[in-house]
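Next, two complexes with chain A in common: one pairs it with chain B, the other with chain C.
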Partner chain A sequence: MILALQSTLEAGHLQALDRSLMIALAPVVILTIAVLVLLLVDYFGRKHPGPQGGISLQNASTITIASTVLALLGTLGTWGWLNTLPNGPSQGLFPSMIPSASAARWDFAPAFVVDHFFLFVCLLVCVVVIITSLNFIPFLQRKERYHAELFPLLLLSAIGMMLITGSRDLITTFMSLELLSLPLYVMCGLNDKNRLNKESSLKYFLMGAFASGFFVFGAALIYGMAGHLNYTVIQNMIAETAQSVDPVMLIGIGLVGVGIAFKLGMVPFHAWVPDVYQGAPTPVTAFMATGVKVAMFAAATRIVLECLPGLQAELWRDALVLFACLSMLVGNLFALHQMSAKRLLAFSAIAHTGYLALGMVSGTPASGSAVLFYLAGYTFASLGAFLLITWMAPDGQDDVFLDQMHELWQKAPKAAICLTILLLSMGGFPLTAGFFGKFVVFKEAWLAGLSSIVIFALLNSAVSFYYYLRFVIAMYMTPAVPGEASLNPRQMPGGYVFSMVMTVGLTIILGVLPQLLLGALDLTNLGS
Partner chain B sequence: MSSLLLIVTFLPLLAGLALLFVPNKEQSLPTVRATALWSSVVTFVLSLFLLPSFQSSSGLQFAIDVPWIPQWGVNFHIAVDGISIWLVLLNTLLFPLAILTSMQSVRLREKMYYILMLVLEAAVTGVFLAQDIVLFYVFFEATLIPMYFLIGIWGGQKRLYATTKFVLYTMVGSLLMLGAIIGLYVKASAAGYNTFDIPTLTSLIGDGSLVLDQQFQFWAFLAFFLAFAIKVPLFPLHTWLPDAHTEAPTAGSIILAGVLLKMGTYGFIRLAIPLFPDAPFMAIGPAGLANLRSIIMALSVIGIIYGALVAAVQVDVKRLVAYSSVAHMGFIMLGLFSFNQIAVDGAILQMVNHGISTGALFMLVGFIYERRHTRLIDNFGGLAAVMPVYYTYFLIIMLSSVGLPALNGFVGEFMILLGSFQEDWLMTLIATIGVILAAVYLLFMFRRVFFGEVTHAENRNLKDLNMPELVAITPLAVLTLVIGLFPTLFFRHITPSSEAFVSDVLTHADDDFETASTDINVEDGLGGFVSFNTNGGDL
Partner chain C sequence: MDGQLLAWWVLAIVGSLSAVMMVLSRNPVHSVLYLVANFLTLVGIYFLLSAPMMAVVQFVVYAGAIMILFLFVVMFFMSPEARRWLRPEIKSQWVFGTLLTVMMLTVVYISLFTSGRVNQGELEMGRPTIAMAGAAENPREELGHPAGLGVRMFSYHALPFEIAGLLLLAALLGAVLVARDERSEGRQHLAHEFEKAEEAVAEEVQA
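So, the complex of A and B:
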C-alpha cells in the first residue's frame, strides 16, 4: 500500500491521492490505525515492563470490534463510491495506471487495485474478524490466559488478507502474504502449555516458510523472464509468446503456484493442515480456516484470471484440475473416520479447497464471483462450526470428540440445530448457502468444459455427507453411555449467541435468497 | 385458487415452525399433538377443494409463478395437473392418518417428531407441485433430512445403519441428478434459454427448439434415472428399502412407502422422460442390441419376480411388505416405460393405489407391533378369532394388494399388464407370474397369522382395534373399494395429462425409429423382444 501510495505521488497523481486513496483503501486504513492505537495504548498503559499491566482484554476487544465494524461500513461506502467513478464500476480504481511492457523497471505504480472483488473480500474478512474477536474473550478467560496482543495480531493478519486480494504485483502479493501469515504463526502458539499447540505453531511456521520460499523463488524467475512483476505485464508477456513460453517462465509460475497451494492446503501440499487446525487454539483455527482461505483463494483467482489467461490452458489447468481432484478425494477419504471434530473439519477444509480450485481453474468470466459466493457460504459455515466447537469443548481440552457429543441434542438443542445447519451447508444441502455455492462453482466448471470433473466432485460431496452426518448421528441418535465422558455445555455467552445467529442466519438467508448476493457479485467479475 | 396451492404446501411447514416455540414440557404435549393432527387435517380438507374447480382438460393449473433467483432464471413455479393432483391428495391424506397412528405409538421426544412430520409433508407436497427444476430439486432433497431423523431417532435396533444407508443411496443419486441439471442449464442458456422452468423446457425440447445432443441426453437421462430409480426403488438399487422400512417407525414406513417412493416414479413422468425424450430409445450395448427402455423394463420385471420371491421367504411381516413394495413398484415402472396409453394410465393410478394399500399394510403391521412388540409371523396364528375387526381390515387391504377384482390394486395392475402386453408380450408374461406370486406370499402370510389355533398364549388376550386406529385405517379401506369400483373418477383427470406425456414420448420414439437404420442403430432383428411398434401388438 505504501509503495502504491509513494509511486502514485511520483507519477503525479496528486489529485487522485488526497481523497480517493483514503476512500478507496478505507478498510485497510481504518484497521491500520486500530492496530497502532492498540499497540500504543498497550505500551503507554504499562507501568512496568513485563506481562502485567497494559491494555485490558476487554478494552482491546472493544477497540478491535469497533474499528472492524467501522472498516466494514467503510468498505460498504467504498463499494458505493466505486460505482460513481467515471470509468465505471467494473474497472475498479487505478486501472489507468497500468503501464505498458516498456515501462521503467522497479515501477511499482500498478501494484494495487481497488475493485469490487477486493472490497467483497474485505467485507468477508471484516465479518470473520468481528465474529472471531467476539469469541476470544470467553475463550481466553476460560483458559486463564490474558493475551491482549492477540487483537493487534488478528488485525494485522486481517490487513494482510485484504491487501493480498487487491494486489496486482508479485512483490505486493508476497508482502501481503507475509503480513497475513506471520501474526498467525504467533497466534497458533498462544496456548504454550499444550504440546499440540506448540507443534501446530512450529509446523505452520516451517510450512509457511517453505511456501514463501517457493513463492519468492518463482517470482524471481518470472521477474528474470518478464522484466517486471506486474500481473498485466506478465500477462502481456505470456500472450506475446503464447506458443513458446520459456520453460524458465513456466517453472517460475509453477513455483509461485506451489507456494500458494501450500497456503491453501491443497493436496499434495496439505500435510500440515490437520495438525495445525487441530493444534491451534480453536478461535484461531476458526480465523485461519476462513480468513486465510478466503484471502488466498481470492489472490489465486486474481492471478489465474489476470495473469495466466494467455498461457496455453493445458499447461497449468490440467495440473490444477489434478490437484483439485486429489484434494477432494484425499480430504473426503481421510475425514471419514476422524474422531476429533477439529481434525475432521480440517480434512473437510482440504476437500473444500478442491471444490474451490475447480471453480477457480474454470477461468470463465464469472468464475471469480462464483468462487466468492462459495467462499462466503463456506466462511459462515466453517466459522460457525469452529466457534461451536470452541464453546462446547470441555475444560482442559481444546477440541471435541465425536463420542463426547452423544445426546448433545438433549442438553443443548439450539447448539445442536445450529451445528446441523452449518454442517449441511458445508455438505451442500439445498436451502443453505453451501448448495448455491456448489451450484455456481460447478456451473462455471461445466461451462469451462470440465463436466466429468464436476461429476467427480458431486460424487465426492456425496461421500462428504457420510462424515457430516456422523456429527448428526452422534448428537441426535446415539444414547450416552453412563459413565462415559460427555459434554456438559456451559451457558452460552452473548458473543457466541450473536455469532451463531449471524453465521446460521446468513447461511440460511444465502440458501433461500441467493440473489441478494448474486446481484452484488455481478460487479466482482475479474479478467480483462 | 392459486393461493390454495401455496397454503396446502406451506401450512404444515408453518405449523411445524410454530411448534418450535411450544415449550418442551410434559403438559404442552397435548397442544403439540393437537396442532400436528389438526394442521394436517386442515391441509387435507383444503387440498380437497382443489378437486371441484380442477379442469381436467387444461393441463397445469392453479399456477403460481414468481421469480425466485432472477439471475439464473429460477422461478418459484408451482402448479398442479391431472397426475400430480392425486399424488398431492394422497400425500395430504396419508399424513394426518400417519400422525394419528403416531399418537398411539410415539412416546419419545414427541415435539421434534411432529415437527419433522409436518416439515416432511410440506416438502413432499412441494415435490409434486414444483414446476421448476431447481425448486423440484430443493423439495426433493428437503424430504431427505426429516426422514433421516425419523428413522434415525425413532427407529428400531439397526436404525443407524438403515438411515445412513437410506441417506447415502439417495444422496448419490440426487447429486448426480444435480450434475445433469447443471449441464442442462449450461446447454439451455447457451441456446439462449435462461430458464429452469419445467413446462417451458419440456415444450422447447418437445418441439425441437432446443436440441440436446444425443450423448448429453444419454448421460443426463442416466443421472436422472439413477436418482429416481434409487427412490422407486428399481432392482438392483433397492437394497436400502427393506432396511429402511424394517427400522422405520410405523408412520415413517407409511409415508416412505405411501408417498416418498412415488417421488421417484413421478420424477420420471415429470422430468427424466420429457426432458430427454430420445434417451430411452437410444441403442446401447454391442451392435445396439438393447435400448435403455428395454433395459429398464427388464429391470422392472426382474424386480417384480425377485421382490415377490424374497418376500415369500421373509419371517418378519414388515420386511415382507417392504419386499412386496419392490415388486409393486416394478409394475409401475413397467407400465410407465411401456409408453402405452393404457399402461401409463394404469401406472399412475397404481402409484396412488400402492400408496394406499402398502401404507395401510404398514399401518396394520404397526398396530399389531404395538400390542405384541414383535412382527415375526411365527409369533402369531389364529388372530382372526381374537381380533375380528383387525382381521377384516387386514383382509381387505391384503386383497387389494394382491389385486383382487373390485379392489383398487386390480384396476392398476390389470391396465398396466393390458397396456404393456401390446408393447412387449414376453416381459408382460413374466410380470404376470409376479401377480400370482404376490397372491402366494400374501395369502400364505395371512393364513399363518390369522387362521388356525391361537398358538401363543400372549395372543389370546389381544385387544381389537381401538377408536383412533379405526379412524386411521377406515379411510384407506374405503378408498380401496372406491377406486376399485369407480376408477373412472380418477382417470377423468389422469388421462388428459398422461395423454400429453405419452404422445410427446411417442413422437420422439417414431423419430428415432425412422432414423434407426441410419445413425442410431436401435432395432436390428430382435423381433418383438424390443419393440418400437407402439401402435399395435407384435404377436
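So, the complex of A and C:
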C-alpha cells in the first residue's frame, strides 16, 4: 500500500494541488465564494432565529449579480491566459495515469479540462444568471413571497452547469449533473401556494431521479468494461475493439445516453418538459430552459466528440438521428395549436433540442463550436421571450395566453417589437442569431453526410414559423376580444429594460455580424 | 463446491428473493425490511469480491442509516391504512413493470453471453491493465481498501469530492426551504383548528 502511495506521489498525482488550478477554475471558485457569502450574511443578519429577518431580496440579488459579473470577468481573463501557456490552450486538471495504446508507457488522463469550450459555456451561464437574477426581484416582490435562499440555489445550479462542461470523467459528470438539477427541483416548487408549481417540482424531481438512475447504471457498466471512467480510457477502449465493441459497453453507453436525453428533453424522453416548463415560476423556467440546455448539450457534445469517435456510426449515430428527427417533428406538431405562451416555448424547446442534436451527431471537429453558436442564439432568444412573459403576465397568473396578446402593439409597442424579434430568431429568420445558428449546425450535419436529414430539418423549421407568427399576428393585427382578461403592461423596471436590451441586442448583433462570435468559437473545437 | 461458491449461492438466492418480495409486498414496512435484507446480502457479496471498504460502507450507510430513515418516513408520514396496505395507483401496473424488467434483463444477459465474458459459469469483468495507476499489478487492492480509496479521492477524484460538498449544501438548503414553508403552514392549520374548537366550546356554553 505504501508502495502504491509513493508511486502515485512520484507520478505527480498531487499536481492536482497546483496553484494555477485556482486561476483556471476562476468562475467556479468565485461563484462558490458568493454562495458562502450569501449564506453567511443571511445567517449573521438575523437578530432572532426564525423566518423573519435575514438578508433582503435586494441585497441578495445585488451580491449574486456582482459576483456573477466578477465570474464573467474572471472567465474572460482565463480565456486570454490560456493562450499564453506553454503547454497549449487546454489545461488538464486532476490527472490520472493510464496506459497508452501501446501499453509500454503511461499517459496522463485529466478528470477535468479547462479549455475554450468550457470557458465559453461559463460565459453563457454567467449571462443567464445575471439576466435571470435581475428579473427575480420584481417577480418575487409581486408574489409577496420571501425567498432569499433562492439566490444561493441559483448560483449552485450555475456552478453545476459550468463544471459539467469541463468534466472528462463520468463521476465528475454525474456529480455536476446532480448539482445542476437539485437546486432546480426546489426552485420549481418556489411558490408553495400554487398547485401547478408543486406539480412541476414533483414531476421534474421524479423524472430527474429516474434519469440519474439510468446514467449511474450505464456508468457502472462502462466501468465494468473499461476499468475506468475517464473519457480518454473509454475512447481508447472503444478504438481498440472498433469492429466488435463489447455489447455490455454498448448498453452502458446507451443508458448514459438515455440519462442525458432525459435531461435534454429529447423525444421520446420529453413527456415532462411542457408540464414542468409551464408549472414552474417563469424566471425559473427561463433559467431552466436556457442554462440546463446549454450545459447538457455542451456535456453531451464533449462525450460524443471525445468518447465515441471510434465507434461505428450505425451503433449510436442512427439512434440519435432518429431521436433528433422525432424531437423536431413532435415539438413542432404539438406547438402548432398551443394557446399558452409558456407551453409553446416548451414545445419549441423540444424542437430546438432536435436541431441541436443534429449538429451534435455530425461529429465533425467544428461541430462543437457550431452547437455552441446555436446555443448562444437560442439562449438569448429564449431568455428574452420568457422574461417578456414574466413582465406581461396579468396579476394572479404566471403565463400569457394567445387571446390576451391581442393589440399588444397598441398597448406596449416596444415589448411587441422585442417579442417579434425574439420569436423570429427562434424560428431562424435571416439577420437574427437563430438564422446563423441553424446555418452552422445544418452545415456541419450536411458535411457529415446527413443531407436528407438536413432537408427534413429545414422543412421543420419552415413549419415552426407558423406558430411563432401566430403569436406575432395576434400582437399586431387581431382586435382585442372585449371582456377578455387582458394583459397588464406595467412600467418596466430597470432590470427588465437592461435584460431586454441585452437579449434583443445580442440576437441582432449575432445575426448581422456572426463572424464576431464565430471567430472566437474557432478556439472551441473539440476532439483529437 | 468450495465455501466461497456456496456462500455466493446462498447470498445470491436470498438477495434475489428479498428483492422480489420487496416489490411484491403490499405492506410498506415489510418492503423496507426486505430491502434491509437485500442490502445485507450485498454486504456479503462485496466481501466475497474482496472489497471490504465497499462492504463496510454498504453496511453502515445503506443498511444502517438510509434504511432507518426509510422506516422513519414510512412510520411518520403515511396514514395507518396506507401503512398496512399500499394500493398501486395505476391499474395493471405490475404487467408493465414485469414486461420492462424482463426486457431489461434479456438485453443485459444476451449482451453478457454474446460478449464471451461468461465462460463455464464464470464471469470475467474489467481489465486489470487499465484499471488503476500506481498499483496496476493488483488493482483490486487499491480500490477495495480505504487507503487506496483515500489516495484517489484526494487526487484524481478531488473535484467530484468537492462537488459532493456543494451538492450536500444544495440539498440542505432545499430541504430547509421546503420544510420551512410546510411548518409555517402546519402552524396556521393548527391555529385554525384551535379557533374552531374554541368556537364549538363557546356555542356549547351558549346553548
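Here is the rule we go by: the second predicted complex is superposed on the first by the 489 of 528 C-alpha atoms of A that agree within 3 Å, B and C clash if a C-alpha of one lies under 4 Å from a C-alpha of the other, contacts with A are read in each partner's own complex, and residues count from 1 in each chain.
Here is the rule we use: contacts are C-beta pairs under 8 Å (C-beta built on N, C-alpha and C of every residue); 3 or more make two chains touch, one makes a residue touch a chain.
These figures come from a predicted structure and were not determined experimentally.
Asks: Counting only touches as set out at the top, which of chain B and chain C does A:322 meet: first, second, both, neither?
Replies: After superposition on chain A, A:322 lies in contact with neither partner.
Asks: So, does A:178 touch the first partner chain B, the second partner chain C, both, or neither?
Replies: second
Asks: Does chain B (first) or chain C (second) touch A:66, or do both, or does neither?
Replies: After superposition on chain A, A:66 lies in contact with neither partner.
Asks: Hey, is it chain B or chain C that touches more of chain A?
Replies: C
Asks: Going by the contact rule set out above, which residues of chain A touch chain B in the complex?
Replies: Per the stated touch rule, the residues are 413, 424, 429-431, 435, 439, 442-443, 446-447, 451, 454-455, 458-459, 461-462, 465-466, 469, 472-473, 476-478, 514-515, 518-519, 522.
Asks: For the complex, give me every residue of chain C touching chain A.
Replies: That would be residues 107-108, 110-112, 114-115, 117, 125-136, 139, 141-142, 145, 147-148, 151, 155-160, 163-164, 166-167, 169-171, 173-174, 176-178, 180-182, 184-185 of chain C.
Asks: Can you list the chain B residues touching chain A in their complex?
Replies: Against chain A, chain B makes touches at 24, 68-72, 137-138, 141-142, 145, 148-149, 152-153, 159-160, 163-164, 167-168, 171-172, 175-176, 178-179, 182-183, 185-186.
Asks: Help me check something: in the complex, which residues belonging to chain A touch chain C?
Replies: So the residues of chain A touching chain C come out as 1, 3-5, 7-8, 11, 13-14, 16, 32, 35, 39, 51, 93-99, 103, 106, 111-112, 147, 149, 152-153, 156-157, 159-160, 163, 169, 171-172, 174-176, 178-179, 182-183, 185-186, 189, 192, 223-228, 233, 236-237, 246-248, 250-251.
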